[in-house]
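In what follows, chain A forms one complex with chain B and a second complex with chain C.
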Partner chain A sequence: MINSDLQALVTTLEMAALTTLILLIIGTPLAWYLAKMTSRFKVIIEAVVALPLVLPPTVLGFYLLIAFSPEYLPGQLWQQTTGQQLAFSFSAIVIGSVLYSLPFVVQPLQKAFEQLGDSLLEAGALLGAGPIDRFFSIVLPLTKASFITAASLGFAHTVGEFGVILMIGGNIPGETRVLSIALFDHVEAFDYARAHLLAISLLIGSMVLLAAIYWLNLPKRNNNKNLNQVRSIK
Partner chain B sequence: MLRILLVSILVMNLLAVNSSQAYQSNVNDSKNEDNSKPLRIAVASNFTPVLKVLLEDFTKQTGIKSQVISGASGAMFLQIKYGAPFDVFLSADSRRPKELEQAGYTLKSSRKTYATGQLAFYSSSLSSNANSLSQLSIEEILSIDQLRKPSARFAIANPDTAPYGKAAKEALTHLGLWQAYESRLVKGINIGQTFTKLRSKAVTRGIVANSQLVLNNLSGVIIPSSYHQAIEQQLVIIRRSKQQAAAEKLSHFLLSIESQNRIVSYGYAQTKQVNNANNANNANKKLSELTAK
Partner chain C sequence: MMMSNAKLNKVPAGDCPQLDINIRVSYQQFELAINLPIPLKGITGIFGHSASGKSTLLRAIAGLEKTLIGDITLTSDGVADKALVSKTLVNSEQGYYLKPEARQIGLVFQNSRLFGHLSVLGNLEFSVKRCKNRQLDLNEVIELTELTTLLEHQVNQLSGGQQQRVALARAILAEPKLLLLDEPLSALDQHSKTQLLKMMLNIQKKLNLPMLYVSHSLDELQQVCDTLLVLAKGKVVNFGNIHQIIHQLNNFDDPTLIHQQTSLSLPIKQFNNGHGLAVLALNAEQDIYLTSDKAFENQTQLRCFILASDISIALTEPSNSSIVNHLFGTIKQISHRKNKVLLTINCGSQEFFVTISAFSQQKLSLNSRQQVYLQFKASAVRTFIH
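Let's look at the complex of A and B:
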């Protein structure tokens, strides 16, 4: 019986890790674009990114369920290209989590990019660094702390997700049953002992993970390096 | 430069993770098409513990493996409409199976009542002197409760959405107590949540499913079934299912007299349908036929 909880743990970690990676890949350019954008449509895009914060998860989950079903266009396209049904698959919960956790990754990055200022990038360009080189040798080191925050928030939020996944995942063991849903199942089945066990391990695991990330992110560990970086370029 | 190298290694790792993921899901899929795939049973959470016990025997008798997916009937109803890979759906009501049947999502004439819900009044403060309670009728108990604690919160499931809630409202109306109780009600979204409120003692009294009390070794006062319309819990077999034969075996198994008796022993009422006696007999015959094959 404990095996099914381990299986849920593995599914959860896979889902959260993959979601975080995808979010960093999509979220970084999006945050950069928003930070540098001057158009008056910026507020609209920002509002769209923040929507998952406002929408109740079950509502978002319901519309995603419709979108992912084979009866509607996104679900159809997916089925045509991959040959598999999107709704109730592992891919579906990853896509759902990406949408649901988007603001948690984009917003910290956008704030960091906004505060960065142009002078260092211009100096880098004058020294002959291309855009990609400038990103990796100037932007990334200076905003490392925000990247860690964004990744940890995205990861943590995805682990704790419930409503969206329950709706579009269908609670299928080994595929879409994640820890939060397994926990809910135990409570519903009056199996309070296992529910408590799962809850306490989830709590301790999350505490350790978050503490480790915040330790990595301590200002002392990063400040000196960042300052050196800035000075060496100046 | 070193950084770029590191990043490219990271990206390559990402790709590797992605492709191995894709590979894994392919492997899973080829497994899914196999006949050894378990029978997926979507079940209303109030019946899950009973189903799990019954399934042990079912697997022993038929060798069919199953996977239980427990949830709220309403959510699973929607999921079935949008393509959930379930084979059998054991709802907490009869409305949703009927709707699925009308919309053509179910196997013809697979809709059956597998259990009938029974209501019970539970109070955490009264249960300690259960002996004195048994002397009183439910009318007296509720009237006394209303007189002694007219403002104490009283939990029922939402009468507008949950079948147990609707029945609780009908029973209170039948007893002439609905108006007195209406202002003190706390409504759970389903009977499971209603019971959790009582179990956690957030609310001290309420009307829940008798099966919940039996499963948790608690005692309450049964509310006679004649006070409300029957809470029929029905099952349907999903038309899309590739395991209809196994699903039918399960249906016959659940309707057999042995299973029905066990369901009643877990605090459900006797299923009293016009064709139920026939159903159970036929089910018994069919099950033995099917297992003989």
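Let's look at the complex of A and C:
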């Protein structure tokens, strides 16, 4: 691999790792809230979370580009607090990725929390465990596989992202130039050899990651350990 | 939690642990309305049809029912001294609601609700770790619930009976002031039921832990409860000594609720009369014979019941009969039911219940205050093996 491609790989991994971390931190309470929610507004929130699944990435990217520009409030606030422009920055592609990959993290977690139900949590409460304690001692160990699934899907989906990044990140080496963009560049320059190298690595990497998730979720593997896990990946 | 100190009040000495309930829980099709002080002594049974509100009542006490109106106060032993302390669990008027984790109330569910990611020991340690002011020894509880050989097992490899024993041990190890049991035996086979009932009775006595035991099976409750609370359609129908309540239920004539019977706790006079029969003292003059069992030997008192349909009536003292029990009594009440007649008969201070056919009643033309003989075989006296 050539230096600029290596740099793109590092940027991609950094972006995907940071995005996954943020998604787990905000996605977990959101999934919990949705799983326990009984209000009729639940479907609306669910629809908003699922929107990136069906929306062309360029639509999301277009609106984010406008929001991130210094003329609009989010972009303005960002510039005032950090002193830097938000659009076409590493931060911009991380925020974009968080929104773009949100359903891939929230949906498996929500399903796992719904399947887990309240019965074990009630049992835990009656044994003296408070809400935070219950989450870490009961919910987390019993839905571990779903957390791994959610994190892996979020990560893989972020790595494979193109449209949103192109719109809000552009193609700045070391900042917003990720693998998918680099690949596109090579194709445009008719450098098929380098394009092949990137394409095949992305293909194999994704394949290995997905196979690992499915292996982790094999019913046999979990049968004896965790009864209430989500066994199917969306 | 913050307010819990303010809600603790010392109670005058001489009172006993008690649960004061004054609540209303409403659903679309159902309302539970209960206003009752329940003295917490031994095991109190809560009995009724399904959808009578039994489980809802337990969930309200445990703090799992969040929409209730009213208040519940638990009076129990304090931690430092043994003086009684009363603690408000919920008071909707003051907007006060103590979370389940702060109530010190245990609940054993019908489905054991064990933590599948933990071993048997892990489930028990879950309680131990969260228990403040620990007094119980983990090993003692493991022995009481006969879990010694199962500690390393995964909980979903256990049988139903074993799972319930783990659930029971786990609940006890949280050292609650009150243990609630919601149909804990309903999914078990007969052998496991008997074993668990024995265990519950033993634990109740050893740890002096009051229990509220919900069941739709009168048979189970009769074996372990001293007091019985009967619910129907969300209201208290009867509450009191278990034998008296069972006798009151006889008059309901509801075969889905109860098999009409005489329910007794009598002192054992003789374990074996040399012919395989045990002798119970009914009163100074009269005895009751029943088939003896090895298990009677450790006991001084025996619980038993005689189905009303197993007793027959004679006007003269039967002498040439294989039936060993004949008691002399006075008819107190005659109630006619279709083709059957329910007789309430006083033998000394003990009431007996007898059903005879309307045909026999016509033949004998029995009257109130008439003196009659009751006959029943030794094998008609049913016991619970403890």
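We take it that the second predicted complex is superposed on the first by the 214 of 234 C-alpha atoms of A that agree within 3 Å, B and C clash if a C-alpha of one lies under 4 Å from a C-alpha of the other, contacts with A are read in each partner's own complex, and residues count from 1 in each chain.
What we mean here is this: a residue touches a chain if its C-beta (ideal position, glycine included) is under 8 Å from a C-beta of that chain, and two chains touch if they have at least 3 such contacts.
Predicted, not measured: the structure shown is a model, and the values here were computed from it.
**Q** Once the shared chain is lined up, is A:F136 touching chain B (first), chain C (second), both, or neither of them?
**A** A:F136 sits against chain B, while chain C stays out of touch.
**Q** Mind telling me which of the two, chain B or chain C, contacts the most residues of chain A?
**A** B
**Q** Which partner does A:A125 reach: the first (chain B), the second (chain C), both, or neither?
**A** The second partner, chain C, only.
**Q** First (chain B), second (chain C), both or neither: which does A:L13 touch?
**A** neither
**Q** Quick check on the superposed pair: does A:F90 touch chain B, chain C, both, or neither? Answer first, second, both or neither.
**A** first
**Q** Scan A:E175 for contacts with chain B and chain C and give back first, second, both or neither.
**A** After superposing on A, A:E175 lies in contact with chain B but is clear of chain C.
**Q** Which parts of chain A are in contact with chain B and also with chain C?
**A** On chain A, the residues that contact chain B in one structure and chain C in the other are 133, 137.
**Q** Applying the document's contact rule, which stretches of chain C touch chain A when the two form their complex?
**A** Answer in residue numbers: 62-64, 99-101, 103, 105-107, 109, 111, 113-117, 126-127, 130-132, 154, 156-157, 170-171, 174.
**Q** Which of the residues in chain A end up touching chain C in this complex?
**A** 119-120, 122-130, 133, 137-138, 141-142, 224-228
**Q** Sort out for me which residues of chain A touch chain B in the complex.
**A** Against chain B, the touching part of chain A is residues 14, 17-18, 21, 25, 62, 65-66, 68-71, 75, 84-85, 87-91, 133, 136-137, 140, 166-167, 170-175, 185, 187-190.
**Q** Looking at the complex, which residues from chain B come into contact with chain A?
**A** Touch residues, chain B against chain A: 3-4, 7, 14, 17-18, 21, 25, 28-29, 40, 45, 48-49, 52, 67, 69-71, 75-76, 78-79, 82-86, 192, 196, 212, 215-216.
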